[in-house]
Amino acid sequence: MVTYFSEIISGLWSLVLGLSVTFVEFIRPNVTVQYPYEKLEMPERFRGHIQLIGDEEGRPNCIVCMMCQRACPSGCISLSGKKEEGQKKKTLNSYILDFTTCSLCGSCVESCNFNALEYSKEYNLASTRKEDFIIDLLKRLEEQNS
Amino acid sequence: MSVPIRLQPDETFILNVGPQHPATHGVLRVKMEMDGEYIVSAETVIGYIHRMHEKMGEIKTYPQFYMNLSRMDYLGALGYSHGHVLLIEKAAGIEVPERAEYIRAITVELNRIASHLFWFGAFVMDLGGFSPLMYALQDREYILDMLERITGSRLTYSYYRFGGLYNDIDDQFIESVKKFIPRMRKSLKKYHKLVTGNIIFRKRLEGNAILSKETCRKYGASSAVARGSGINYDVRRNEPYSVYPEFNFDIPVYHECDSMARYKVRMDEIEQSLRIIEQGIAKLPDGPIMPKKAPKIIKPPKGDYYQAVETARGNFGIRLVSDGTKNPYRLKLRSPTYSNMHLFDETCTGLLIMDALAFMGSLDLVIPEIDR
Amino acid sequence: MNVPLPNADHLVGIVFLIMIGLTITGGVIACNANRLVRAVAGLVVCFVGVAGLYYFLNSPFIAMMQMLIYVGAVAVTISFAIMFAAPEESKKHGPPGTLAGPFGLITAGLLFGGFTLLALKTDWQVHAKINDGSVETMGKLLLTEYAMVFELISIVLLTAIIGALIIARRGRSS
Amino acid sequence: MELTLLNVVIAVTIAIGFAALNAAYLVWAERRGAGRIQNRPGPNINGPLGLLQPPLDGIKLMAKQLIIPGGADKALFIAAPVLAMAPAIVSFVTLPFSDTIIAHNLNIGVLAIFAFASLGGISLLFAGWSSRNKYAVMSSVRAVSQAIAYEIPMLVTVITVVLITGTMNLMEIVEAQKGGIWNWYFFPFTSGLYNPLMTMSFLIFFICALAETNRAPFDLGEAESELVAGFHTEYGSMGFGLFFMGEYANIVIGSCLTTLLFLGGWDAPLPVLSFIPGVVWFLIKIYLIIATIIWIRWTFPRTTIYGLLNLSWKILIPLSLFNLLLTAGLLKVV
Amino acid sequence: MIVEKTRKALEALFPQPEQEESSAEKIEPSEQEEAEQKEETPRQNGIIERDYSVHGYHLDVQVDPAQLYVAVKIIDELDYFIESITGVDWIKENQMEVIYDFSRYDFDLCRVVIRTRIDREDPKLPTITPIYAGANWHERETHDFFGIKFEGHPHLIPLLLPEDADFHPLLKDFKA
Amino acid sequence: MEILSLYNNLNTFLIIGALLFSMGVYGLVTRRTLIGMLIAAELILAGASINFMAFNRFTAPDPQVGQIFTLFIMAIAAAEAAIGLSIVVAIYRNYKSIDAEDLVELKG
């Protein structure tokens, strides 16, 4: 009989304690960020999809050594370049990132010895069309420069 | 409230829980034969998001594979990566700088807390309480923010490299970890006040789904499932790896064998992980994070190798059969939840459906990790 | 233009007609529906109608009890039993024997005719005194004059509960 | 019977309007409250403070297609939500909002509300049965057995109050509690009865009201983590909308009853404050209770079915019966 | 020590222990080079004690498929728990290897690997589900990936693969 | 508007009662399943109750007796429903049928 009532009392007390916790939370300020209206700064090391790094004149640092293409586990990088006359290095013709299969592992960035690749801060990645994720990085670099 | 049932063959019906059911947290399907609200037998059907990681492991080279490990378990990714890098380092004989190991331990423990917090929230939500999830997510977001600053990613960190780390941590990270520890302790108190002591919660979990030691052994259960059944088993202690022998921490073990015991084990583990992080931050040595001569191409010698680690979900084992080339000959991933989930079929017989789903919640399931 | 606006009295009459309609439709559904669940639905409608009739007979208390007991308890119990015992009842409808349908119809018709004749032919002594429908007098009567019946009813109910438990028990825990 | 056409039309219109408005804005309040408890804002985009959210939700629900699952019992499937909503609205007719605002003062008001509420139970059964879904059937069986189990302690507590006042008329019950907070049956110091257990009765009634309206922590009928969405799993569009509105209307009725029976209805807590009209006090009280109900929902986990029945049969029924006997004894002595 | 105890118990399986064991002992201390040499010739059934810090397990037991059930029984009686079952496809030798991992819950650490080799053309093994109920899924998974038939298994249908799958993706000659 | 003052007429209620009663009888005869019969029986009881109530209102010297009788009928109906349905459940469990004609064994 004593346990019966003590259980009721302690049970009720535990409920009151729970209510007090939520009440304290009720008067605490919001912690959420109202996303489309306010946006957070992405941290420095944020790994978005990759992008090319250009030099001062806006030309890509890439010398088409194909290391990134070889390092990629999912085969989502395809690039081509040709050696133009009079120049020592190859120049980049096209750099296509197939973001549909990319898993953002960063192997390409790590394998690059020429400081030609970096992560972008892009996180608004949603689209209804698959083609939007076949990204031409060279064009992107040009757009950034202009 | 398990009740033995005398069966009448045509009084039962089949209830198909999943693959899209709110309680299964993913695409898991349980075919339950029901007698009213009592479960007569259950058959778990998995494999809906099977991705054949093991075959990928055979096709890809060693460095190409490490990001797959963090895709296995999206909540406690670092633990799995840790197992992988430890195995390859052991097999290929790569020395790891001490600082890297410490940072690995700290981040793994942070990730373990994040995983346990998410489990806590989801578990209480399975039981119908919604707000604890939001509080747990607040604390988890804090951890994710810290880890994102360091690793660049919130869930699928590919942070560890063979021989060390991808990036060093900075002072700001250490500061935020130091700030995090008292905050988490305060939150834990709040959780215990809000959830653990709650009479409704206690009544639901105490005595629910008793798992005997013997059952755990026959199925190879680990993590809180085993420790809630009175088995003092934690790979960090039983089979020390990395820098865990340096730390002073306890393995919480409860002998009640019920869902409440499993819950308590995980909540206590958060506290223990905090202790490890505290010590890790205090003992953190200076030095490089990658060995001086880290091999570019990894070719472990012929033979087979095994490494077990304690992830947030339990005893994760990874076996490598190497033939001396740059691709593994065979890579076996032994996922802890696979064994824990397997228990479910046998144990939930005779339970009410709501108890069975509470039990399922207490197993801490991450479906991609079961399906691999 | 000379349709009179319905006044309060008319409204009462219309509500009464609605109640009669509910009762009869409910009754028809209850004894003719193919699916037993629909029969229960008909029964519920019928009972609501009957409760309305009781209200018109100056007994709101009984009307409410009718709703509470018949709709809230009896109908629910019957639906439970249907869900338990007759999952595929819809297959089992239809004329049972060759004679049951017509025979039932004739019996019912005869009964109805007889009762109606009886009701209409008899010269009922309508009293001017109308009950006040008050709960107090009824309560007093129940505990004084009809105390015995009241007690017996409680015993019957108790026995019914226990008996139902014993009959329907499966003995899970044994 | 002093029913006049105008009276009835106005009463029904106001009742429907009140129920619908309450249902809509209680959803808003619930979501905002839940948001605040969880440190997030809740719906705040549409309109000031998100106040346009409920009508927009309603429009969305109405614009949706009404899907009737194959194999469902069409007639019952459509009838069930109506049957769930209708008694809730009818109940408003007998609820007094102040000493003057009442549609129809029924002599047995308390009983009438319970009688109408019993229609709600059968609607859940029909909804579950007709939608041909195992989850729905299980949940409706749960919901009904729960409603039956909690009707007993609830009625017993109501009888306790009826015993004290000697009437089932809601107006008179409130009149009996007049004169300030110490006269309310929530904790009656005065009014000739010194029953300290009335607080407990109040709690019992409140718990039962939660259970009867299928609210958390007793929302077993729609336990979304077990039974997907319970008896309205198959309902979309306005069918779901009606269930939803019915649920909130039931909450309002439950809190109105709690206020009338235990919190003095429209009586001001202190006689000094009685210059404020009774309706205001009444509304303040019912919304406080509704706020508590929302608060409770977002705090506690759900009970189990056996925990629920244990609570009813082992705790609530004995205690409420004990209080009934005690009150009867006190009435005899005092 | 449990390693010794397990070893003793398992040695009963191999009738000519003296010679077998000593040869195995001799090989072990010498490191990888010799081990590699050994791998060239098909390995004899028997027990090898492995260096834990290199391989991650203590006892490496190779048994005949017919002995498997008995070996697992011994392991079970010594209170080991099952970790995993997996296969390896040695296509060059036209053989299939099935590996059973066992470990212990107590602090007396000992990991035991039981391996057995079967013919690749007709892969059949007795099931161990009567001993370890938890082997059920592991065996089903191995059946999925390698097509190894576990005779006596109660429910040998695809687990991770689609239910109508008739391919075995981890075979080395599998082409997607 | 004669039809609108029907509620003041005893015969209306008597005829409705008779109608319900005969519908119940019809249902009792034609229904094959036990539950169907039970539903019909409830209709019969309702018909009888209406008669009681009507006489109570219009002709009874003591205007409470009819109401009390109706209350008793309700109690009996509830008890009957409970017992009857538990019998149905028990029968279903043993015979897998609630069809009255399948239960020939009950005839002894």
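To keep things simple, chains are lettered A, B, C, D, E and F as they appear, and every chain counts its residues starting from 1.
Operating definition for what follows: contacts are C-beta pairs under 8 Å (C-beta built on N, C-alpha and C of every residue); 3 or more make two chains touch, one makes a residue touch a chain.
Small disclaimer: the values here were computed from a predicted structure and weren't measured.
Asks: By the contact definition above, name the pair with the higher C-beta contact count: C-F or A-D.
Replies: Per the contact counts, C-F leads.
Asks: Among the chains here, which has the CA centroid at the largest distance from chain C's centroid?
Replies: E
Asks: Per the centroid of Cα atoms for each chain, what is the distance between chain A and chain E, given in Å?
Replies: 43
Asks: Between chain B and chain F, what is the separation of their C-alpha centroids in Å?
Replies: 63
Asks: Can you compute the centre-to-centre distance for chain D and chain F, using the mean CA position of each chain? Integer Å is fine.
Replies: 32
Asks: Hunt down the residues of chain A that sit against at least two other chains at once, touch-wise.
Replies: 15, 18, 21-22, 25, 31
Asks: Counting only residues that touch at least two other chains, what does the list for chain C look like?
Replies: Residues 12, 61, 65, 73, 80, 133, 170.
Asks: For a test of understanding, state which residues of chain D touch chain A in their complex under the given definition.
Replies: Where chain D meets chain A, its residues are 33, 36-41, 295-296, 298-300, 315.
Asks: Where on chain B does chain A make contact in their complex?
Replies: 60, 63-68, 71, 131, 135, 138, 148-153, 156, 158, 166-167, 190, 193-195, 197-200, 202
Asks: Which of the residues in chain A come into contact with chain B in the complex?
Replies: Going by the criterion above, the answer is residues 7, 10-12, 14-15, 17-18, 20-22, 25, 31, 43-47, 71-73, 103-107, 110, 119.
Asks: With touch defined as at the start, can you tell me which chain D residues reach chain B in the complex?
Replies: The contact residues of chain D facing chain B are 34, 37-40, 134-135, 138, 142, 216-217, 219-220, 223-226, 228, 298-307.
Asks: How about chain C: which of its residues touch chain F in the complex?
Replies: Residues 9-10, 12-14, 16-17, 20, 23-24, 27-28, 30-32, 36, 39-40, 43, 46-47, 50, 53-54, 56-59, 61-62, 65-66, 69-70, 73-74, 77-78, 80-82, 84-86, 89, 92-93, 95-96, 100-101, 103-105, 107-109, 111-112, 115-116, 119-120, 124-127, 129-133, 137-138, 141-142, 146, 149, 153, 156-157, 159-161, 163-165, 167-168, 170 of chain C touch chain F in their complex.
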